[in-house]
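Each structure below appears as structure tokens.
You will see chain A twice below: alongside chain B first, and alongside chain C after that.
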Partner chain A sequence: MNFHRSFAHGVHPEGHTEQTEHLPIQRLPFVKRYILPLGQHLGAPAKPTIKIGERVQRGQQIAEAGAFVSTTLHSPVTGWVRAVEPRRHPNGKLQAAIEIEADPYATQRLETKPSIDWKALSSNEFITHVQKAGIVGMGGAAFPSHVKYAVPDGMHIKHLIINGAECEPYLTNDHRLMLERPDTLLQGIEIVRQKIGAEQATIGVELNKADAIALLQKHIKQGNYEHIQVAPLRVKYPQGAEKMLIKSLFDIEIPAGQLPRDVGITVNNVGTIIAIADYFNIGMPLLERIVTVSGPGVEQPANLIVPLGTPVRELLKFCGGLKDTTCEVIMGGPMMGLPIASFDVPILKGSSGILAFTAAETSKPKEYSCIRCGRCLEACPHFLNPSRLARLSKAGWYTDMTQFKAMDCVECGACTFSCPSGIPIVQLIKVGKMEIRKASAASK
Partner chain B sequence: MQNIVIAPAIMVGLGLFFGIILAIAYRFLRVEENPQIEEVDELLPGTNCGACGQPGCHSFAEEIVAGTQQPSGCTVASPDIIEIIADILDVDPGDQDKRVARLRCAGGKAQAHQIAEYRGFESCHAAALVSGGGKGCSWGCLGLADCEHACTFNVIQMNDNDLPVVDIDNCTACGDCVAICPRDLFEIVPLNHKLFIQCSIPLEGEAARILCSTACDACGRCVADAAPGLIRMENNLPIIDYSSGEIATIEATFRCPTASIQWLEGAQFEVKEKSQTPSDDPYARIL
Partner chain C sequence: MKSKDPKLVVQTAPFLVQGLTTPQAMLDVIYVLIPITIASIWFFGISALLILLACIAGAVLTEWIFSSIRKSLWDGSAILTGLLLGLTLPPSLPLWMAFVGSIVGVGLGKMMWGGLGNNLFNPALLGRAFLLANFPIAMTTWATHSTGLFNVYPSTLAMPFMQSNVDAVTSATPLGLMKFQHQDSAFTDLLLGSTTGSFGETCGLLIILGGIYLILRRSIDWRIPAAILSTVVIFSGLLFLFDSARYPSPLFTVFSGGLLFGTFFMATDPVTSPLTPKGAWLFGIGIGLLVVLIRVFGGFPEGTMYAILLMNATVPLIERYTQPRAFGHGGSTK
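Let's turn to the complex of A and B:
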């Protein structure tokens, strides 16, 4: 099968990965204060299980899942719980969080547990284990992974797709993970593949990461992984979106309102798979993640292993601080990430990057009227009509937006990127989607 | 020649045929409507604002004529008009209870601490999605004038302090601003309910005070100073219970350390705010 393909439409932003793609992953030293918001994944917020003042060990569970679509939280450091109260979340709001002060005299060594015999686990036990480890999708959306694996009766997952596309510019965390820990990755894929009963696993990697493709292919051959293959993909944004990746690899379109599991596919990020492998090998729950600190405003860009809950300030300090010309710091990728309003916001399970931009990159173009050029239609990977949706949103006709399938928008931002008139299309669609959700919640 | 005659002849014939059907239908199928409804509808303002609870002025006219609502239910019409309608129908005009929109926030840009500069497009809804604009407070007014654009009667105007000023003489309490505000800050209150809490922060103590110089920090002094049972604390905010029968007095506002509870005689904010410089607040650092 020829895998050198891609999905239709999409855009080609400049990659800008050269700043960090060659830099090995470094470990960020432990800092004094960690803030762990209870709602850092999609779904119900976690419920704290600790008391204020209590001493916690690194890796100890500090909050339990609030519902099935929710997950646990673990202390990233040995120290003391100092507060459970509202703290600033990267989304700008004050939300309930657990604050942990690190013990400066602790060794912070993680007590490794004997590896779990995953082959003996039933699929239900596997799902409980994944939830207990607090693992969520590490690509950015932070959707609890165990929910993806809990397939309703009658559905069968045929394919497992590993998302190594990393289509957002600047970010290199998945790239570095694939280069530095290919064996762990393959082992993790094998665990998930066998536990969800998929016959085949495919790692989708964009061609701008040719070294990772070659390395993974070498390791697959060495390790004799029969059911894993690497699929090079043409470079295009938003290839890393779940539905786009499925379209690229298998040429299957997921019907509106359905999930990949409806067509027998599960998609996982590289980081998620490595977190699962770490949990089953050494018993380490999700305590840390790889964050790319990059952008023209950072003195020394880096790929870092960061304990969850570390304030962004500490990451920037480690990277030599910000240049004087910096005027905006974004959490996530430049296409979908949101600017942060304070440096004291913590790294969450879904924070893939911290990017600092100068005035040149963030200048807001002057907004002109829509000239009906149709570039946003050519860019939209979901074949929506972004300019019409934006106009409806501007006029406040939110109910009409549902007719034009606003809820199928994945908010990738390709429309705004391609708009020659500088219209904030995706922002307007997001406003409309928020209003539609509000209206449907009110009507229930 | 013949063709030219036939075509108009057919058209005239069709016109006559359908005209007769319509005439018969008008004669036998017409719905008798009370002429008073038409008359009252003419007198009503015709804004279809919905403040009376009806979808439009015509259905409100039907309600009045049927006697299920009093003419004073219309908050837009002037008292004279209400009087005229009552005279025509020979009913009690009822008390026109003047109600206005009040904002449960007084944290303009001079009071609320700014933690960042919002540079997205100018709409409260958009700012609510992106980190809630530049203010540190996650509950307060965003100040980007969505209510000013939504107001049917153009009585909301943003002042220099980025707070919406409601022209209470012309506010009809239609509720457009209540519906549009992404933070649900507007509330329709009777004008004679003068005691009002101008804050929505559900935090207490220092956590609230560092966000805004006029934040309610849930100290509870107003509860102690008002008549017992009038004010109660709920979710770290005082709730004034006018239905309790106790009389609200200005005394409740005297000891408020942040002036978040107010005795409102007129509009909440001035159109021209006195120029205030943000104070050198020691808490600003923390944010």
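Let's turn to the complex of A and C:
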């Protein structure tokens, strides 16, 4: 196997991780109110199982999975259910959410349950447990993890990949997790690896996290984990994109329209694995996550353990507030994250970062004509022709975009990043994809 | 946090961009052309400078007139087009012709197509082709090097549409000598520029250095010069091996005339060359073949301009057949 390998194309944004990579993870104190949107991820929203006014314990189920592609939601605090009504979601829409008021006199100690004997579980039971634990991909997309483990009959997962690439600039939550909880991570990997029947597990980590690579290697040796290895990866965006990571590690190109499982691989984020380990070890479902609060607009950047549903305002307040020059706040990474319009939107299961930018970073370059320089072609990890796609989208020729494989676009934004003419290429492609989906839905 | 929330801008991802902008890329090329410009003024005197200024004035003026419709004056492309056109003109060309050529180049070659990024043909070369078609004598009269830095050829200041007295001391270009008198030129002369010719094209050394700089800065696609030069060397080399008395050596072919200038500064114009990597190779190979064909078998001593313009016309076709193979659609990406 080739280490230090990488996929072809891609871009090299500056890492900007120096603000937070050396800061140990801190716990954000409990706040008064928590807002938990029922739709936390792709798939069906969860269905509330509580009544307004009801007292809930920290870790108690408050909503159950609405379908197979959906997960359970748990109360992040002990307190009372105050409302089940539409609230502002980070995506800007009003969406059904549960509001919980924390009991200021409660200890907020999690009722520790005996660890679950995961070795005795069948693979179906394991999948149900993961769904019940509310676990989703913690890298940002928040895809329900149990769905990945439920492979169709006849398919066999040979390899588990742990995504520790963390290729988005500014974010350091996975980096800190690898440094601070290597043993939990390795335990979690063993659980998942054995339960899905994979022979090998590989942790892919970008070389800019050399300390994490060395530490994990040391702990693998100490713990005698013979089925786990660490693979250093070249620092490049989007190294952490599932298909790119697989290409980098195994030189396998997943055919368009297929999933990693079709080639016998499952990819899980570092945070996801740790959440699974926590669930099986101490019975803690997904209640909280690590959030990197960083960016030039934040007074005191930090890596925080944040209960789900905490309003962004509370995180920023804890970090000393925003500088006056701040004019943009992003949830997630700066390449694929979501801009937020209100400080009252909550942290979701997939919120990896809260980044504040000042005018220096947000002032988009003036848009010039496309000079066909070809930089976007050399940036696109999927080997598309973004220049052409953007031009077609601008012209409204959406059907022609299909021919140029618009639907293969993973929306990583490398094209827009690389464009000297300041053309919003990926944004135009997203519009085109939306129109193509609308048209194909209408024709059905 | 302050009592009042700051106003937030809401844009879509990605929120970061790399630093380079299109005007900077244009400036990069202009910077590289400065040493070549200075060399040409050194060789051909103030006349060269005046012609360049006339071309830039024509280009910027045309762009400005059209800019009232499309705000595009400050992307730097007009100045670059003017400069590129000027550097490919003979040093004794009357100023008014240079001015008109530049207007035609930018007007017909670029703005009529919808401005920067939409044109099929290289605007500077289109302007030059227009001049060669309309003023064949002035465009093929090659004044010798100036006697001093302040030299102004009499024909430089000729009045529009009056018969220009081409009374400068003239001499055939190395290509002309080769074509019509079968006379080789010294390689050092070609490299350092002490020959006659279009005044920006004579100094091969500066052009190569500038080209390498642009390739290292990734301002131009390295594939195009690589394809052109290797094709020219191979094709002319085969001819030379076949009959070295009749055909010029590959070294002469590469360093004479406008080939180097065209290779590094004209063919690599991103707008009029293929976007796709494979397309860039095909485009360059096509230019290389055409240059040698025109020079050796055609009526003109020089063929770079026509070779590039002809290949410009094939770009949409080339691109259609060289779209990148998307990830996960068979084969392997490297």
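Operating definition for what follows: the second predicted complex is superposed on the first by the 443 of 444 C-alpha atoms of A that agree within 3 Å, B and C clash if a C-alpha of one lies under 4 Å from a C-alpha of the other, contacts with A are read in each partner's own complex, and residues count from 1 in each chain.
The rule we apply is simple: a residue touches a chain if its C-beta (ideal position, glycine included) is under 8 Å from a C-beta of that chain, and two chains touch if they have at least 3 such contacts.
Quantities reported herein were computed from a predicted structural model and do not represent experimental measurements.
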Exercise for the section: Check whether A:I330 is in contact with chain B, with chain C, with both or with neither, and answer first, second, both or neither. Expected result: second
Exercise for the section: Answer with first, second, both or neither: which of chain B and chain C does A:K364 touch in the superposed model? Expected result: both
Handout entry: Partner chain(s) touched by A:L377 [first = chain B, second = chain C, both, neither]
Key = second
Exercise for the section: May I ask you to decide whether A:A395 touches chain B, chain C, both, or neither, giving the answer as first, second, both or neither? Expected result: neither
Exercise for the section: Return first, second, both or neither, reflecting whether A:C419 touches chain B, chain C, both chains, or no partner chain. Expected result: second
Practice task
Considering only touches as defined above, state whether A:L338 meets chain B (first), chain C (second), both or neither.
Solution key: both
Completion exercise
Between chain B and chain C, more residues of chain A are touched by C
Exercise for the section: Would you sort A:F404 into first (chain B), second (chain C), both or neither based on which partner it touches? Expected result: second
Exercise for the section: Tell me which partner A:A210 touches in the superposition: chain B (first), chain C (second), both or neither. Expected result: neither
Practice task
Please indicate which partner A:E85 is in contact with in the superposed arrangement: first for chain B, second for chain C, both, or neither.
Solution key: first
Handout entry: Those residues of chain A which chain B touches in one complex and chain C touches in the other
Key = 92, 328, 338-341, 362, 364, 424, 427, 430
Exercise for the section: Going by the contact rule at the top, pick out the chain B residues touching chain A in the complex. Expected result: 115-116, 119-121, 123, 125-126, 128-134, 138, 203, 207, 287
Exercise for the section: Report the residues of chain A in contact with chain B in the complex, numbered from low to high. Expected result: 85-86, 88, 91-94, 328, 338-342, 362, 364, 367, 424, 427-428, 430-431, 434-435
Problem - Touching residues (chain side chain C, partner chain A) in the complex - result: 1-2, 5-18, 20-25, 72, 75, 77, 115-118, 218, 221, 270-271, 273, 275-277, 280, 323-330, 332-334
Completion exercise
chain A residues touching chain C in their complex are 7-9, 11, 13, 92, 169, 243, 247, 253-258, 313, 316-317, 321-322, 324, 326-330, 332, 334-341, 343, 355, 357, 361-362, 364-366, 368-375, 377-378, 380-385, 387-388, 404-405, 408, 413-414, 416-422, 424, 426-427, 430
